[in-house]
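The first chain written gets the first letter, and so on, giving A, B and C; residue counts start at 1 in each chain.
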Amino acid sequence: MSLTASRMLPNNNFVGLRQYATLIDNGRWQVSVVNLALFGVLFLAASLVLGFILAALIDQRVRAESLLRSVFLYPFSMSFIVIGLAWRWLLDPTLGIEKLLHDIGLTGAHFDWLIRPDRVIFTLVLTAVWHASGLVMAIMLAGLRGIDREIWNAARVDGISTWRTLVFIVAPMLRGSFATAFVLLATSVVRLYDLSVATTNGGPGIASELPAKFVMDYLFDRGNIGLAAAAAAAATTMLATVAMVVAPWFYWQTRRSRQAGMA
Amino acid sequence: MNATVQPSGRRPARLTTGRIGLYAFLPISALFFLTPLYVMMVTSLKTMPEIRSGSILSWPSAHNLDAWVRASSQACTGLSCNGIQTGFWNSVRILVPSVAASIAVGAVTGYTLSFWRARGAKTLFAALMIVAFMPYQVFIYPLVRLFAMAGVGNSLLGIVLVHTIFGLPTMTLLFRNHFAALPMELFKAARVDGAGFWRIFLQIMLPMAVPIAVVAMILQVTGIWNDFLLGLVFTGCRNLPMTVQLNNIVASSQGERLYNVDMAATMLTALVPLCIYFISGRWFVRGIAAGAVKG
Amino acid sequence: MQHELPVPHGLVRPGAVSLRGVEIAYGSFRVLDRLDLEVAQSEFLVLLGPSGCGKSTLLNAVAGLTEVDAGEIWVGGRNVTWKEPKDRGIAMVFQSYTLYPRMTVRGNMSFGLQVAGIARAEIQRRVREAAAMLRIEDLLDRKPAELSGGQRQRVAIGRALVREAAVCLFDEPLSNLDAQLRTELRTEIKRLHVRLGATMIFVTHDQIEALTLADRIAVMRDRRIQQLGTPTEIYTRPVSRFVATFVGCPAMGFIAGHLVEGRRFKADGLDLSLDGYQALGEMAAGRPVDLGIRPEHITLAPGHPEAIEAPLELVEPMGSDLLAWVRLGTVSLAMRLPAETPLSLGDRLPVMLPASRFNLFDAASGLRI
């Protein structure tokens, strides 16, 4: 469909790749792609690292383990709309955290990222990390619990420090957990729509536009010309997802099952 | 190294630097995770003057439920001012049939895929995996057109169908993985006993799938309740779910923004999944883990 | 229940099983090559072989759980090749206990009968009888999770018995049990066979189970039946080196050598007469062969002119008897002796190898000569 000069009734008038050319020239699309890349990299890295650290710490036989686990994971049970609104309130430039900082005497402090076009994307990252790192923690913790405890004892006998063991011995053993978490988060990145609607609605201006939102807006708000652009954008997103996430995942899965089959 | 020799030297201190760091980092992270919930809660209990003058972290001076009442029954979305309760009941009406349908279909598909060498099983499985990973946006337009043609667009039936379709991959995988772990011989024994497709499913496999059905239910209830996109596109104006209404209320506040009402409405929307989360506890984690290990 | 059934002369008996040219392949992978097998009414046939030889596939084919690609399967005089499992007149016991976990023992045993629409009184009678036979009456209202492994397998057998089928199929039913229970249930199954007179086909990789239970054993290897015969035939006259090795514990000992003129066998440091060996065919001189002999067939014969002096290398006491490892030429052979035989390492024992007990196999093909 993205290859036709489509109106609300799709026809098969083939116009080749012109729609894609138009799309690439669309400034709003360019912003949204750059945002997606920036958001994706920061969000994935931060969530994976924070989630892994939390899991590793919780795994050190701490007190109140189940309480901490519940606290870290509860954001994941809530709707993006809910957490988007909550963070929008927290980050409110007049009454939110900025006011808190002013009230405790830091009058020079600024925390107005929500309305600064060059910073607004970071607020989305912050919110999304808050939402998802509990999930990473849960997956990692399951992985850690699946590792033979003896490995820790062996490392201790060899005189390897705890953090070295964690980073160089245990983390590589959690490849599978990392892959699972990565794929889950990465697919959610491409899908991300609700959160941006609730937190910034793409604003200020188009500064926090994302592809998923771009597709939706063009699909329903702009009638005929928009449709083709939306379809093209959707197709592009789809291809990108397949190339970046699904294909490696499938490759990894089949390789793993083949190895399991030979064992 | 003789085992009978007494250990020499001092007993090492248990509280190492690492341990201190551990006990510092975890509570700080916990605060980071809890603050938004706390702020939502206290804001919803304050009056507007108090919100403007005080800090967002301060405890409300008087426990004031006005905002909650207004959020649930008076807040406005566009022209109607019935509060978010319409959305609540809409969500319930979407939730119940959607959860039931998606679990039922997923269980049957999972059972068929694991025990019966059905033709096209591999194709179906591949299709499910693709749907599972693709952004919803890719499927929305074709589905909207299809539903419009079939006459179920913008209706309760439409949204139930959509949730069933998009829930199918995860539900199928969940049940398939569960059934695949059972011994094939159990199935063979039932066939020797003369039981057919439905009898084996209903009398033998389904009773064994109760735990996974609970997991599936937790997953679907939270997922469908929290859905925004599908509800926005497929339900039409009369059946908008709670998340969509919440966003409308907050977005359409005219004049002065009533943060306490907004936060009360937000809390109300979050209540159902939060309750499920805190009641189900470990089951919730199991659900995520089971849903996460796709394929 | 079955043993007093009158069998009209000239009719095919209800429990006879017949496989004619059965072939099974999974895709391009052959699991069974054109296989023929006749099992008589009331016979206890054991399918014996290493894993992957096709024995379980064969059993599944009889049960109707695996479709055949060619050939026919007959049970009790009816061609059941394309019949559903329930319509074949068979019952089956599986390796893992395969009880329906959410049903009581009674529910497990009645399920198949309920499906078949049998009257409640009749179901109760059959369950009661089977439970009495297997001594599980007091377990009837328990759930499988509350039973021990041995009890579960008894229930699984009970579930097969209530079908009152003329043919009972067993797919390695004892291999998940510990050694003591295995022996106990083995005896139980044999007793049931004598009492019921049903045809039984029993798959196992355990040669002791095969020898103790079977009327006839079919030794399978690589998708084929290598030898079909009574336990005695299989044990004393194995058709191939494979069968000889697979059956018998401790295993048969082997000496590699070749045939020479005058019906003699020659190996490094050994020259044995073959007088008394019943050969299948001609014994051409120079042919390379493996000579096999079971530990209990090697005897001590002090003063006998043909006895060979063999140094004792190792003694393994086994309770009632012992295994003495002696050196003959370049090989070590085990001989079974009474436990009280006075022996000390380094003794030179006068050993007799009776030619009538030899098993000669062609070195290349492994087939009996």
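In this section, contacts are C-beta pairs under 8 Å (C-beta built on N, C-alpha and C of every residue); 3 or more make two chains touch, one makes a residue touch a chain.
As the structure is a prediction and not an experimental result, all values here were calculated from the model.
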item: Identity of the chain that, by mean CA position, is farthest from subunit A; value: C
item: Central chain (by mean CA position); value: B
item: Pair of chains whose C-beta contact count is the highest in the structure; value: A-B
item: Rounded Å distance between subunit B and subunit C, as computed from the means of their C-alpha atoms; value: 56
item: Distance between the centres, which are taken as Cα means, of subunit C and subunit A, whole angstrom; value: 61
item: Gap in Å, rounded to a whole number, between the CA centres of subunit B and subunit A; value: 17
item: Touching residues on subunit C, where the partner in the complex is subunit B; value: 60, 63-65, 84-87, 90-92, 94-96, 98, 100-102, 111-112, 115-116, 156, 159, 171
item: Partner subunit B, residues of subunit A touching it in the complex; value: 1, 10, 50, 53-54, 57-58, 60, 62, 66, 68-83, 85-87, 89-90, 92, 95-97, 99-100, 103, 130, 134-135, 138-139, 142, 162-163, 180-181, 183-184, 187, 190-191, 193-194, 197-198, 201, 212, 215-216, 219-220, 227, 230-231, 234-235, 237-238, 241-242, 245-246, 249-250, 253
item: Parts of subunit B lying in touch with subunit C, wherever the complex brings them together; value: 183, 185-186, 188-195, 199, 203-204, 207-208
item: Partner subunit A, residues of subunit B touching it in the complex; value: 18, 22-23, 25-26, 29-30, 32-37, 39-40, 43, 51-52, 55-57, 129-130, 133-138, 140-141, 145, 222, 225-229, 233, 243-244, 246-247, 250-251, 259, 262-263, 266, 269-270, 273-274, 276-278, 281, 284-285, 288-289, 292-295
